[in-house]
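So, here's a batch of structures to check.
Here come two complexes built around chain A, the first alongside chain B, the second alongside chain C.
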Partner chain A sequence: MSRSQTPTIGHDSNTVRLSVRFARLIRHREVGLLLLITLTSVVVGIKDIHFLSFEVWRDILVRCAPTAIVACGVMLVVVTGEIDISVGSLMALLAAVMGRMISENELDLSCWIGIPATLCLGTLIGVCTGSLVSLGRVPSIIVTLGLLTALRGLTTLMMGGENIDRLPEGLTQLAKQGLFGVPISILTAVGVIGLTSVLIHHIPLGRRLYALGSSAESARMAGLSEVRLKLFVFGYTGFLTALATIVDVPRLPKIESGIGSEFELLVVTCVVVGGVAISGGQGRLIGVLLAVVLMTMIRPVLTFIDIGEAGEKWTRAIQGMFILLAVVTDSFFSRRQRGSEKEHAA
Partner chain B sequence: MTGTSGEKSTDSSGSRKLRIALLPKIKGISYFSSCFKGAEEAAKELGVELIYDGPTDGDPRKQAEMIEQWTIDGVDVICVAPNAPDVVAGAMKEARAAGISVITWDADGTTESRSFFVNQASARAIGEGLVNTMLQDLGPETEGDVVIISADATSANQNAWIEAMKPALGKSKLNLATIKYPGENASNALADGQDVISKYPNLKGIFGISSVSFPGAAEAVEQSGKGGQVLVTGLSTPNDMKKFVHNGTVRSVVLWNTVDLGYLTIHVAKALAAGELKDGAASIKAGRLGELSIVGDNVMLGDIMVFTKANIDQYDF
Partner chain C sequence: MNSMHDAGSSRSFRWWHETVIGALLVIVLLVAGWLVPGFLKPQSQLLLSRQLWEFAILALGMTLIIITGGIDLSVGSTMGLSAVAFGGVHAASGSLVAASLACLATGLCCGAVNGALVSQLRLHPLIVTLATFAAYRGIAEGWSQGHSYSRFGDDFSNLARGSWLGVPLPGTFFFVMAIGFAVFLAKTPNGRFLHAIGHNERAAKFSGIAVDRIRFWLYTMSGLLAGLASLIYVARFDTAKADFGKGFELDVITAVVLGGTSIYGGRGNILGTILGLLLIHETRMFVSRYWGSDELRSIVIGCLLIVAVLAYQLVSRRRRS
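Our next item is the complex of A and B:
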């Protein structure tokens, strides 16, 4: 389904009709993901019942949390027709900065200073990315590819070859044990998902982001500020990356310069597998969240089906095949849906 | 072979300083930073210029680019810790063809790409050392599953250690249930640790054999509340593991002296460039380390070290 190139008077109704058809189609995309998750769980559960235990799924959900948080931002970036592949390196830099500020071995500042400062820095870097993209007119893939390397380099410099540990006890406790037994990262993810959902469905901003993504030209004609919307999505992504860093990194044994490596690929994969069109304008949050669960499941699934010593060496290849499988299942379901729609029309 | 004090004086009166380039697998991780500490110490002692640089992501192609650049710059010795021997071999051979001495350290390359390999400890000593430490901490008659959490499936060092661990495990009553490859990724290492704890109810121990997977596995045991039931041992720097040794999740940390490894590498480089170290030599005098043996073309650092609650605080690397 291509974007409408020539804005006409009938464009609005056109968009509405298109979006209704897509809503129908996309619902099936999510059904496909849900089926894949369920089927995989059942098959692996039959092989090893431990896989269906509470502990395993609690661990999986905790691992989903940072990916889900950041995917909420990256999804909106992709909806506006842009992309952000720098979130892994940004996470590393923010972890280093946060660690330097609040670790007992470093500056030992209060969390009440360190955490807001980390959030501000994340948001600021996101807004800078957004302004390079919107004001500077540099393609977002180029800007964030540059940042991917630059931020990682900066992190290495900041860390100076040493690791940072001894984060404040309170913060690590919240990350590991959580509030009333629920890790803080899960609570945060729930909050962010709620916020993003409200943003998409209940305030005009959300509709404008989709409008911008489906046709930048007509969005401009409708008087929407492309610059402001893009500053927002990149700033929001930066903010969410900081949030994910704060709630997830204290779970790890130490802060090292390799933190968040390949995280950007995981997030973008989830956004795409979740059904967000890479050309912008389409995509639903629920699809992205299901994709996050599916992608996060792969590692434990491979452990529980016990693929043997030779199989373990193929972990990465198998992960890749899983992604392909998800995409193929998607397109299979989409095609069937499109086919049945044609029948209805006839 | 002259002593170090003699070398120092001849060097300072020489026309120009020797330039030695030291290439780690990854720049910016604590393991290699501690090697660099020892290298700096030796460089100061010997009066040579030390260049330390490496890829921050462990990409072997970037290692090859750096070797090519140093060949153009005309340094005297290049010391390489290859991340993928085949990828860097071409650049190393070109450097040798240009008259530069090339040695490997920490991990070996292909034999024709270097003259000597500075070997921290034989794979057998490390593999058997790990298994023996685990058996000692668990009790030699313990039955049950153990798991190895390695680095990447292509990591040559880790693979050699695993091959050495297998026969040693075969002689014990422990069963090697699986081997996981989380890469150099702390989140994956923690995840793999959690998953094997849930998967194998009769799990007695986890070997974390990289500086990322060892703390990751220890963290997983601690967070799952299995401290004391599942024992973790492995290879990492003492600084990374101190907190786990003090809280009892880990009883023993196995490693060589990484500071000494860097120190020895620079001594070997210097001796090679000065013509004091020739093919077929049986030993080398290396400053404060004294006389060390050379087996074939491997300069041997010596034995592995085991750090426990009793001695770990004496080491800072």
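Our next item is the complex of A and C:
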């Protein structure tokens, strides 16, 4: 990787060498996450071998898919030093719009109209967010906070307290069974991950995003267009949110106005746990994806170790503790490098 | 507060934002008074104000935190956990005093955990409070097992429903606190340090400000305020449930930012926050009275937030150039 990811460690005395080495290994967040995922699977697998079965993991991956798709976009947003906390509400709005258009009980339009329209709407809202952030100079957390509230209200208003069901048979079939036995959401997720990876590693655009995130000033001096880059990342996130909606929502029995609530928090959490610096300029896709798997795993794992009715209610607490643990461990191990790190977090 | 002299700023009139928000507030009130008969009557305003005080108390702490460039997303969850602590202790001991103390102590502890993580481990506040946002709510849900506690007696509910000299008790309480916070922020060295930290943390550190210690106490205080808000909320509804305070954090941040506190830190004051709170509150009450729709309310608030900050950015950029 061309980014200066390798840490330079000042200490060289024998006493600290071992721990530094360990720290360096753990510092690759991916290693830690992978260890955690493997360890959990093995432990749960020993208790109940069914956990390691194909069906269970297929189910986990299906649950991962929408989060992974959207996380690809939000990760790029965070890399440029901005944040997007509106994806959950956007998903709900898009689901409502899509449902209204293609449900057999509603407008009953063809999927060939409904799906592209949903994609366009998602991208459009993303671009609007981006232009407010870049042209209007409104901090992204404010814009997306406002949208989080406003879009959710708009969705509830649109649904009018009723649920939308009876999506076209073809779409639900595709979502449930998929192509050649692979659920469509997983296929889409793989496609999006590939696309994002190419974008980051093989196209100048990706490098520019990192440049913008590490120092907006230098990026500007190097002649990069901040406006264009930000329009792109937000537009991309909007597009991916629409995509995630299209492949995931038909899986559900009906569309409710509560769809995607707290989804934004899950996505941001995955991005952060995956090692993307919240101040921008740093982070790898693979870390984010592992974090998505880890966070999604928690619920199935809890079902498998059978914590009972009372334990069920503790799921969120355990999830929260997990995030806290991930963040704290990371800071603990990366503290040694803090000295050399830039401290001018914008 | 007029004596504040910011070295970095050259604006001649520094109450610009407050003026705009105040003007907006007046417009909303006039429109509301015109369209909804009786909206401006003191009685109905007092009645409506009941829904304001918990937010208002949280907003005070949030203002200070955002001035230092931080954020606290966990206040709503802390409220839920404190409420459950109140209910749990009350169910176990039957004592209201013990329950109230437990409620406040829970808030304090939640805040202290945030503070310790932010100041000692130097984690980004957004990350820390995002994690504790999930954790506190989860603990509240696990602890209460979806159970809701209620019937704490009339004396207790009168704490939130009663009034003193015509002002609701929580309101009196809020105003006393608001004055305290405003004086602290504008007139005491520690208060001024908050602005310094928000402007440039590094410079603040090098000039000898105990940034970590201030940070720690800020978040602890925010937690305590959440405990307090929770106590009022519980008293008002005479119920304690794990989902109390859900979504409060966003509304509180909206109010603070609308009140002119910069989300990047370094700028903001209590007067602005109070105006922001009132603007949101009145808009909300007006919209839900006039159209009778809660959904519309959130659309209006969301748009208001974006438009207000956008307008401010556009105008202030023009002034600078």
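Basically, the second predicted complex is superposed on the first by the 301 of 346 C-alpha atoms of A that agree within 3 Å, B and C clash if a C-alpha of one lies under 4 Å from a C-alpha of the other, contacts with A are read in each partner's own complex, and residues count from 1 in each chain.
The rule is short, and it goes like this: contacts are C-beta pairs under 8 Å (C-beta built on N, C-alpha and C of every residue); 3 or more make two chains touch, one makes a residue touch a chain.
Everything quoted here is computed from the prediction, not taken from an experiment.
Student: Clash or fit: what happens to chain B and chain C when chain A is overlaid?
Tutor: Overlaying the two structures gives a clash between chain B and chain C.
Student: Which chain makes contact with more of the residues of chain A, chain B or else chain C?
Tutor: C
Student: Between chain B (first) and chain C (second), which, if any, makes contact with A:55: first, second, both or neither?
Tutor: A:55: touches chain B, not chain C.
Student: By the touch definition at the top of the document, which applies to A:63: first (chain B), second (chain C), both, or neither?
Tutor: first
Student: May I ask you to decide whether A:176 touches chain B, chain C, both, or neither, giving the answer as first, second, both or neither?
Tutor: Only chain B is touched by A:176; chain C is not.
Student: Per the contact definition in the header, classify A:251: touching chain B only (first), chain C only (second), both, or neither.
Tutor: first
Student: For A:165, decide between first (touching chain B), second (touching chain C), both and neither.
Tutor: first
Student: Report for A:156: first if it touches chain B alone, second if chain C alone, otherwise both or neither.
Tutor: A:156: touches chain B and chain C.
Student: Between chain B and chain C, whom does A:259 touch in the aligned arrangement: first, second, both, or neither?
Tutor: First partner only, chain B.
Student: For A:303, using the defined touch cut-off, is the partner it touches chain B, chain C, both, or neither? Pick first, second, both or neither.
Tutor: Only chain B is touched by A:303; chain C is not.
Student: Given the touch rule stated above, what does A:313 touch, chain B (first), chain C (second), both, or neither?
Tutor: Both partners, chain B and chain C.
Student: Quick one: from 7-15, 25-33, 43-51 or 61-69, give me the piece of chain C that collides with chain B in the overlay.
Tutor: The answer is stretch 43-51.
Student: Please report the chain A residues shared by its interface with chain B and its interface with chain C.
Tutor: On chain A, the overlap between the chain B and chain C contacts is residues 152-153, 156, 313, 315.
Student: Under the definition above, what is the set of chain C residues touching chain A in their complex?
Tutor: My answer: residues 71, 117, 121-124, 126-128, 130-139, 141-142, 145-146, 202, 250, 253-254, 257, 263-264, 293-299, 301-306, 309-310, 313-314, 317.
Student: Considering the complex alone, what residue numbers of chain A touch chain C?
Tutor: Touch residues, chain A against chain C: 83, 132, 136-139, 141-143, 145-154, 156-157, 265, 268-269, 272, 278-279, 310, 313-321, 323-324, 327-328, 331-332, 335, 338, 343-346.
Student: Hey, which residues of chain B end up touching chain A in the complex?
Tutor: For this pair, the touching residues of chain B are 26-30, 32-33, 36, 56-57, 153, 178-181, 184-188, 190-192, 194-196, 198-199, 201, 212, 215-216, 218-219, 223-224, 239-240, 243-244.
Student: Help me check something: in the complex, which residues belonging to chain A touch chain B?
Tutor: 48, 50-51, 53, 55-56, 59, 63, 152-153, 156, 159-163, 165-166, 176, 251-254, 256-259, 261-262, 299-300, 303-304, 306, 308-309, 312-313, 315
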